[in-house]
């Protein structure tokens, strides 16, 4: 118990604690949004549009419809975190599975997973894939999660595949087999933990990409369904008045940057935590 | 530009025009959107056109004569030629007009052209057009820039009409980047054209287009995005030229559901705060309207016609209750995410409808999908943006009589259509006035559509550009005509 | 009498210490607290002298050696003094330390597999070292590199320069490492178990080479080893460590003749001495007078009793693109009867591990058959295979790579119980793991440690504990004691014998250490390039080998007796020069 | 080696076929009728059903899907990707007009991105501490700012305020090489920023991983300077995974430059692709997807070869 605590303490620097605090705060606030800011994020008040931050009653100002930006940021956090996390999770699970199976079994399995699924998906320009699926199924957060899950899965598959190829040749995998591990055990309990480090790093990158893509799709008009608040959508619409009203783009952008930074730091922490060999300051 | 015999003394004049998109291949009569109208106005000419003040003027026709309201005689200018040197005769006029009249060719001006029964060509310079019924505005239709006269080779569905009788010719086509136009010396009024060439540079992105003008990369841009109006207005050396043109409206699916009931439609007409649309979707650069727009200069303008409804949510609620929906209902609004202002309009409408108890969900796919849904009636409410071909109320007839895609789905009211037809065919101004005013009154109660705003349509150009003008109202898209008299002043 | 036999030491007392280690303590930090693993270690290494650092596995030998050049992992710190020709290396600056590294002190690391950068050729790496210190031109460096490879007797040196580490054999890689370590003409060479990974013949060559180089270059040599035979062969002086402390420090001859500390005595007592092993005497079962090596006599009659039976086994490894497949095992017959311990010996690369791994189904069989516990592996169903894996167990040759780096050793040991559905309760499994750790003489509360926190020998014992966890009926032990010091080795061997007596398991014991085999095995199979050279009763094979190959193997085993060893070295060198 | 490449090319062609089939099916499954879109270029949509029907016939859209597919396949095999619905130019011509632009853009962006990214990541991995924190912060910033925002900022600063660069557009190399490069620079820079972020993170983690290897200790024992240990024994070995990742990113970027192309009004393939989907210009969409997938697969083969070069064990 004590050693475990010590390891956690070892993996967390001040900055990483701050990142954790930020993410937790975000999660709590987004869940409690209606209580913290009892303003309907959809309520329009066109007369009071584009108020700057600090305007009375609107801590972070209002947007082009006079909707409260703070309420939209907090309510958007739920959507955003859901999309970013959901999409990354779907991609990570799907991709890791493909990569593991392809790398571990090789041969036909490899052809099916890595070539037929992963390479084919990769060969499609992501924008087109997103465009097509969103057009067919209509925009919305669940479509986005599915789209991005599919879109980012091959990235995971590639990484996991490469790692699996080298890990499966290591003797401890043979050892597991020799000591009676079933194939699934060898795959998920022995190989998988040894390929997690890059998965975690990739996960944090993909979360960033998901937020970015969400905002890119919003820019192209294919993001979250219109009135619902999302950060990407806010950035996309803020870009239009960037010259005149910088705050409309700055506020959501800053939140996005800090969120991505925090997730990156947390990913590093998690990776260190899971790697028994990692310790503070062991650099070349 | 290789052909510059006229302007021997003056330096080469090239206008760089930041165009809001790459025009499609020019097809005779086809509606190809604003970039298409502009290109047509540059390389082609019809019998009629508009001058800098938006006045209807003869173009290829030297003059015309209304023999009776269903028969027009046009006299062509002398020695007309297409840009490839072939002569332009009344035969070309006849063939082109008959081509436009064929519904299968989908001409933009079909509403008027389909009435053509016969075109007589007594001589090379005379064309007499016979219509099946009176049409007071027929000549205005001929000024539509898509109604240009084309050589016979271009008169087929898959031909590209690059040879024209307009002031400019396409000299170079850098697909995806720009079209370089040079002055057409075969143009009947070539001497009056001062620009030696026009570079039509394509800037599909509004911000990029604005930036190009501000940074001096281009001299003129069309379709200024609304959020940039104020930026450009305050930019030194740039002129903003705004005209309230196309209108945004709400259209209905009247085949079933609540909106089959005119009372509910009327409730919607009273429920929407047009000023919010003006502000939120167009940044104040639009005009709130409470009736189908008719220019004040028109004979048929009346104040009442522009005040069919007002913003009165209470009254809207009463109407709803009367229609049997005291607690409102749920519905959907079809709009498109591809055009921000469509979606923004829908958003404010959505908020206003919520106020009177109508809970509308937004359906915002891309334009092509929206079009398919509109065609098949897969919607309840939809946001549309459109403009008439002519400024007279006659446009309402082609609008309301047009395909379902472009109006309320399933809407058909013989009474209104009859009144509009009477307006068009009326023998004199007074009888037309009466007919139109009846039609407009009927529109007020039947509510085939809810006009919301007439959006500001802006060109912006450097102060050095002179002679260009944004034509008023629906004519804004034909502003390309004025490039024939545009010049760039030194400095 | 021993004094005059000290091998190569011209004037030991006269020369001053090249390396003086005083009160050296090394501590490892985890989180916030520090744990000392060595305590006040002191010893000297003089010029031209070979000091052997021996001792219990995990006693801190490697850590001490790595301290000298500050090559410890990032979470370690040193206390005390380490003087190199009078200069304190602990308090010296980074730049000076770099100057010392390579040019004044050279290091040969334990694992030649991972200690060389896989993406550079031997030549490139050698040039790198050379140019790190001297201002050599490219061509000069090339010439020096070639000289060095000649010096370490690497055959075909010109070609080696352009080869990558993975294209060399273990022994060749170790030679390349040595060439790099001595390239700066160091005053001191530190060699941490330079031969553990090598077979006896290769080991003998490397040791000869080190001695030869030492004489040529007049280096001091700090040699870490657990093989008392090697100590007897090489060292002038021995430092014995236990539990992080130096317990004895004496000239080699005196140490062997009159060990003072109890642990040293234990160490020497436990040395298995080829030809003196009790087990041969204790060995009642087999009494074969006539052995026909080609037709193992037990094959047909006792077939029913065999727990592991290999018939006409051929194993081929597929070659890379365009290369021919490599025949690692070539028509081998072999059987292990119930309760038997069969020793499998042979040079490195002769196919020992391949057979061992094939016997547990890890290597596909090309032709022939393997039967384990009455299951033919080639045609085994999934359930049969699982039962085989419950019955049979294996100790892998390389302890480091066969342990999951992300699993605690407790988890690694207990895993087989879970995977084979032997024990469902996690707490009971952990308890078992603790017991097993104690059985192999590791502290029970180390269950939470990770493999990288262990010394090489400690890891090897974890491997043994894991293999024993399921109480196998067949044990395949692939060099299970190669990294162990003799005392631990002795107790592990004793443990194996006890367990075997108790559980009656059969064992295929793979080793290149013939003295260990002699002690443990009832029968011996000698492999040479994938073929059985001869097989038969242990005593008969080891004492009256028929084949020249076997004789050479036996010859190469270092005997833990400085006197004998000196004789043998002389003989071997004479033979070498004669041929 | 040759057989390896041949095999990869064979598999690659198979993949292209799969991609082709999928895109064909997908684009036809998307709602929206190309003929309707085409016939009503203006929002007012006055196209008559007759004209739409005729257009559909003209474009061959009235035939059964299977026939359309087989026709298309037959075309592809002979190198004919059809003609655009919007302008009747052959798709191949259009693509090869724009492809060089996209390639230039992507190559420049990736070059800058890879060099700066590797440098930053290497510094972070090597020095740790505040350098590491700084790089982490920067790369987070770099990967969280959307391209269209960054591009707009760049235009505001470098074009509109400082006037150093044009605000976007395109001039062909033949017409004016200097202008061509000036116009390439800002969009490439914009695209490279996120690339820098990703590469830096990847390099950093790879470097940290490699630093723990045994041969690094060996190199230290030879007395090499830390910088030499790092550059030769850590960085070089860290490059294998980074190279793979960069190759992947380059392939993906080929089709994903749409936002930068929009903002800088750069006539690349990606914006055309998006526009063509919006306009339901099937032949152009299919053509571009095929070309991009061929390129992607080619890049993959190159990456594998580079991998073989970087790691002698795989050779």
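To keep things simple, chains are lettered A, B, C and D as they appear, and every chain counts its residues starting from 1.
Keep this in mind: a contact is a pair of C-beta atoms (placed from the backbone, for glycine too) under 8 Å apart; a residue touches a chain by one contact, two chains touch by 3 or more.
Here the structure is a predicted model, which is why all the values come from computation and not from measurement.
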C-D against A-B, pair bridged by the larger set of C-beta contacts: C-D
CA centroid of chain C to CA centroid of chain D, Å: 52
Whole-Å gap separating chain B and chain C, where each centre is the average of the chain's CA atoms: 89
Mean-CA-position distance for chain B and chain A (Å): 45
Interchain centroid distance [CA atoms averaged], chain A/chain C, Å: 48
Two or more partner chains touched - positions in chain D: 30-32, 152, 226
Contacts with two or more other chains, residues of chain A listed in rising order: 135, 239, 243, 277, 281-283
Every chain pair meeting the contact rule: A-B, A-C, A-D, B-D, C-D
Chain C-touching residues of chain D, taken from the complex the two chains share: 1, 3-4, 213-215, 217-226, 228, 232-233, 236-237, 310-313
Interfacial residue positions of chain B with respect to chain D in the complex: 24-25, 30-34, 36-37, 103-106, 108, 110-111, 157-158, 160, 174-177, 201-205, 207-209, 211-212, 214-215, 217, 246, 338, 365-369, 371-375, 384-387, 398-399, 402-403, 405-406
Touching residues on chain A, where the partner in the complex is chain C: 3, 6-7, 9-10, 170-172, 174-182, 185, 190, 193-194, 274-277, 279, 281-283
Of chain D, residues touching chain B in the complex: 30-34, 36-55, 58, 86-89, 94, 97-98, 152, 155, 159-160, 163, 166-170, 172, 262-265, 267, 271-272, 275, 278-280
Touch list for chain D against partner chain A, complex: 11, 14-16, 18-19, 22-23, 26-27, 29-32, 125-129, 133, 136-137, 139-141, 143-149, 152-153, 156, 194, 198, 201-202, 205, 207-209, 211-212, 216, 226, 229-230, 234, 241, 244-245, 248, 251-252, 254-256, 258-259, 270, 273-274, 277, 285, 288-289, 292-293, 296-297, 300
